[in-house]
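What follows is a pair of complexes built around subunit A, which joins subunit B in one and subunit C in the other.
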Partner chain A sequence: MTRKTLCFDSKKCVGCYACTVACMDQNDIDIVGDGLMYRHIAHVESKQAGEVRIVHISMACMHCDNAECLDACPAGALRRDADSGAVFVRRELCIGCHACAMACPFGIPRFGRDGTMQKCDACYARTRFGYDPACVEICPTGALSYEDVNEATAVRLRRFSKSFA
Partner chain B sequence: MENGFADRPVVVLGFGAAAVSAICSLRECGYDGPLTVVTNAGPEPYSPVLTSYYAGGRIGKEQCFPWKDVDFSDLIDDLLFQQTPVSVDFAAHEVELVDGRRVGYSKLLVATGAHPVAPGFPELGAYRPHALRTMEDADRLYEALVRKPHARVLVSGTSMVGLKVVEACLDRKADVTMLGRSPHILRVSAHPVVAERFEQLLEERGVTFRLSQAVERVEDESDASSYVVRFSNGDEEEFDEVVLAQGVKPNLEFMDSGSVEMGDGLVVDSFMRTSVPDVFAAGDVAQALDLSSGKKRVIGLWQNAVQQGRCAGAAIAAELAGRVPMRRYPGSIPSNTIYVQDVLFASAGSVAESEGRIIETITSPQSTSVFAYERKGSKDQLVGFNVLAVVSPDFKNESLVDDIGTYRRAILNSYL
Partner chain C sequence: MNDLELKIKGKIPGPDTGIEVRKSVCAICDPGTQCGLDLYVKDGKIIKVAGTKEAPHSHGTLCSKGAATRQYVYSPERIKTPLRRTGERGSGEFEQISWDEALDEIASKLNAIKKKFGSESVMFFSGYAKWARAYLMRFAMQFGSPNYLTESSTCATAMVMAQQLTYGAPAGPDFKNTNCVVYWSHNPSATKSLNLKGIDKKIESGVKVIVIDPRVTDLAQRADVFLQLRPGTDGALALAFGHVIVEEGLYDKDFVANWTRGFDEYKQLVADMTPEKAAEICCVSAADIRAAARMYAEAKPACVHFSAAPVVHHTNGVQNYRAVFCLIALTGNLDIAGGNRMNPPSLVHQPGGFPTREREFTCASKLSELPERIGSRRFPVWTRLCNEAQACDIPRQIETGQPYPLKAFFALGLNYRMFPGSQEFIDQLCKLDFIVDADLFLTDSAKYADIVLPACSSVERREIRCWPMGYVQFTQPAIEPIGEAWSDVDILSELSKRLALGDELLEAGIEACVEWMVEPSGLTVEELDKHPEGMWVPSAKPPAERKYLNNGFRTPSGKVEFVSSVLEEFEGEGLEALPSYREPAMSPISRPDLADEYPLVLNLGARLPMFQHTRTFRLPWTRALSPDPHADINPEDAAAAGIVDGAWMTIATPKGKVVVRAHVTNLVRVGDVHMYHDWPQANANDLIDGDYLDPISGFPGYRSSLCRIAPANGEGKGAVDD
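Now for the complex of A and B:
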């Protein structure tokens, strides 16, 4: 199976929240009750050449290559799926110690009423049957995509190399 | 490898976090030669972190073995369990075991962790006080707490492990007293303002403190079912159990300190190599770089053990393949998360008051936090924090708790 990765292009994101709603729907997250959202949108304002710019950023677990949360979990509750590369939590093993929260540089881990950690699992329930993650499928502008790791890296490098031109 | 030892196995002493991580990394990095593991415990590796959760009844014993999905028979050729090394002959590249066997090695990784010590605690006669590190320790504490509900337990030591024992005792409805020589708990990692609030919150949850005190004498009652403890302030009190959680020392009795560079642990470089060729160390035995002080010292944390083990495994595989090791251990900073009932304490870096440091305190009804900054260039750089919070899903106020990882990263980034 080709390893795929979640990609985000801030230039295409309009901050419409469709991804967060699709995520809540897919994962049965009831935020009126005590559900915790896995995906968030940040709106970052900056001033460039006198003009105010707003960048929208859709953020969830990055499933980092060097995921520090994996190293920090003393309970074996975090694992990486060998096929998809996604980092997922086995809540039945989580002791709620917050070591993952301390290790994650993006502030992703959240803890539910039962004290266990919850986060995005890159829609493992969908991707293992060949579907894209719910946030990707719904994204109307193509800001979120689920791509072959090598292809995604090549695109990123092409974009980066243009900055030297 | 040209020294004539190349056909010998890689030998790993210990079978905990650092050892397992090193073993997996060795194989992932392509080492396909023989691998021998020597451990004084059983054939299945356990996590010391989970022992208090088991003793307190939060998890079952089987959950203390977090590598259930790793097939070690694929990775290890010879697993010598319930075995202890007595010495290492560096010149002959051999480890001598307690049963007299000598095991030759091409590369040796020392990953034997640490054991509890209790400096200054008086001899207890026939009574063996509790400690918490191994599965045997956990079984004993578990049985003691189950055998006698509402047991009166004295926990000597106010560090991370002491607080974990307190949590286990509270879970078992024990009547727990925490004893420490310092005026406040968590002397090294907590700012006094945070420590004091933590003590108040724990008192509200049933913990009694005896701070700035020590134990002078312990006497067995005639039926040996309880102990009268005399404290340095003259008080006497009866307890059912005593748990020592004053500190730890690396398990290095088998290493000759004259032949290898040692301080509080084995001094290592960024590839986890000791001063002796072909001998590596990782985890609670390794004195590696503390980024915040720039000095090498043991920072006994799970994540450090895992990351050091991985670097050691990669370096051993590289050296045996005639390659230059590439994966460096960057160093770490002290960090901590402790959860007692609904109270979370998280800290990283240093919040000690010192010349030129700015200390910011933030208090709310549910939390007290301290952030320490140092001026670097034109910026105030975060060098340490404490976040103490009553965490309840009913208060959505704890963004400070959610952000502990980003604060830690900010501190690390300033050193890397």
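Now for the complex of A and C:
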């Protein structure tokens, strides 16, 4: 059995930024001070054969099972929450060497004014007690969810299969 | 971390963490979507917000604006005490005064002006939030002024008028029961993300979707037919739909024969607007027009999801939307399940399925005894259909003193940049003897007031709300007011005492007023107070279908009016009784002379999801998502002008010029410039004249005029934070 994790369905995302702001509210981010956004929205446009498409992507830490940032950190500042599997940073241990940023294939680690790394911790302090992460809780379209990844993919498999009907 | 430390970090409510969840409602945006707010309160202070799960309309979600509630409520820019102006108007120089001083001064000045110039010389204006409007209108009527005005002089009312002229009252889309939905200029991704809930399942179940929008939207990508029309040509497109539906006999012959007025004239009108002709006007394909028209007409029941402002922000706006609304009647989709249904409002413009006395509470019936309203000569159709004065005519009346002089302006939330030719609007307002504004923040508009009053946000006050499924909520304050802020209704109640208006009900305060308004529903304040999170109204009923069978339509003829009886009366003044198409007064086609110099179509007022007008501009969380004024332009136009994505560019019209960042995107048509409005340093609405208005509604033609773009070359940068 796999654990619950943050799942994202680009087919449902409308790029409304509710997740981004809810995350800042949950984490008391001082965005004009030393705080940084943990969740980012990208609006990706394409034009093929005259047809314009736009996809919105809500991106934060993937909490990889085989997390390269964890392996790269020489200071032991990155930890995995045993209960949820979330990867989180202990900023008081971070030495600001950026090794995690070089290792992360998704461009997630960011560094504030004090030079230490900041990122999403999958709200492990909420999921431990049965509450969804703040971004999932607020998402108006259900694009973000906190669930067993195999259940999420099963839904997509069914949706994809149906497209052949 | 131990469990308690973790819970505190996670902001988990409970006795151990001392965090309590209190219920309120978000009032940052429009009453049509306001969401239930869960406020996580610790030691009297909000430490987190979330959506209310049991709220049947919002299901526990919020948008980015509501999510930023904490920064809205606790903004360092909140006004803490009443203020009296000490410097020049607009300078922002004020002294703090007490509520007693402020209210006494307002009362004595207003009564003195009333005595000398008549009560009609005092205007009473409501911007956002809209919750206190019924109270403000009552206040104005009791004061004896016909000049109750709102920011709806540029938003929503013209859309309502188009429906009133056509079939008597607004008829909303019944999305739940429909087979086909036409989104006619509605982009919920940016404005009402809640409206997207359930769309996936609907589309999967085979519901047809037609999207009509000058921009590629999320919905457009999922549509069966997407018509990306030139801004301002909605009327031509709707008439072409009518052409196809009539020509192919797809209309509801019984309904048309029994319940409409002027079908023969309408038939002639649409005969002339072939899909080929409309294709040329609207810049879409004739085949797509035919496909969409057939899809809508054959899917019965089918509904039209309209929107408040985009279609009516044109100089032919009311007629354009009238042409759209005629299609609802033509296809027999009016007041049936799955079509467009009439559902009268219960409270704050929203239907709740239960009767109230809100309209009686406003004392609107007094209007007939009072002097004529602002705008009544210039916009007689507005005055006929709507209880408000038309605020777009304020500058003219101040300037000319005709038909009578205006002397004072009392506002609950003024944003002068809502108005076309905003600078002239505020310049004229400055000629008044006395201005009062209540607001949360010391806005640029508030800086022009002589007395500024600090108002509460929704979480600091009580207010009553309802939702269409028969749900009502009379909130309790979740926290103490910030500084000395007062609820707008408390301000009106206390002022009515000091003005000696003799209004016992308003003086008795909000609970007494609510008790009086909801009496016909069987609700009581005692019962409402037991459910601060909201409750189902036992007496609420879904609207009946085909109510016209008993009562007819609320038009002069009692029928749906292709040929409007009201507009017919004003044919001598240049209005047309049929929903004819006219080019925007400034378009490449109507003004080829101007188009040489200003070749692009300027569309003002597109929305971004993190902003509702200016209401969340000053919050760091939302502002960080879109820090600078900008406009969307197509890559072809950008290349032709030598502008790259993210660069500063100028947008110039015959009226003025602004400097904004270019957002180069394929989502807009070649030839269109879509500018986001309300920026203090780049005010879009100053790019058009104050008299660029629809003659029926007095609405500004924000969504279609002419402009040119050029690289800024450093120009204007000093005026913009870079």
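One rule holds for everything that comes next: the second predicted complex is superposed on the first by the 145 of 165 C-alpha atoms of A that agree within 3 Å, B and C clash if a C-alpha of one lies under 4 Å from a C-alpha of the other, contacts with A are read in each partner's own complex, and residues count from 1 in each chain.
Definition applied: a contact is a pair of C-beta atoms (placed from the backbone, for glycine too) under 8 Å apart; a residue touches a chain by one contact, two chains touch by 3 or more.
Model, not experiment: these values are computed from the prediction.
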Practice task
With the two complexes superposed on chain A, say which partner A:157 touches: subunit B (first), subunit C (second), both, or neither.
Solution key: neither
Handout entry: First (subunit B), second (subunit C), both or neither touched by A:128
Key = second
Practice task
Could you say whether A:137 touches subunit B, subunit C, both of them, or neither, answering first, second, both or neither?
Solution key: second
Fill in the blank from the handout: Partner touching more residues of subunit A, subunit B vs subunit C, is chain C
Practice task
Check the residue A:17 against both partner chains and state whether it touches subunit B (first), subunit C (second), both, or neither.
Solution key: second
Exercise for the section: Quick one: classify A:25 as touching subunit B (first), subunit C (second), both or neither. Expected result: second
Fill in the blank from the handout: Note: in the complex, subunit A contacts subunit C through residues 11-12, 14-18, 20-22, 24-26, 29, 31-32, 37, 41, 45, 47, 52-54, 56, 123, 125-126, 128-129, 131, 134, 137-141, 162
Exercise for the section: Quick one: which bits of subunit B touch subunit A in the complex? Just the residue numbers, please. Expected result: 17, 21, 47, 49-50, 53, 58-59, 63, 66-69, 302-303, 306-307, 310, 335-337, 339, 344, 346, 348, 391, 393, 401-406, 408-409
Problem - subunit C residues within the subunit A interface of the complex - result: 1, 6-7, 9-12, 48-51, 60-64, 66-70, 188-190, 193-194, 196-197, 200, 204, 216, 218, 221, 609-610, 620-622, 624-625, 665-667
Handout entry: Residues of subunit A touching subunit B in the complex
Key = 34, 68, 71-72, 74-77, 79, 93, 95-99, 101-113
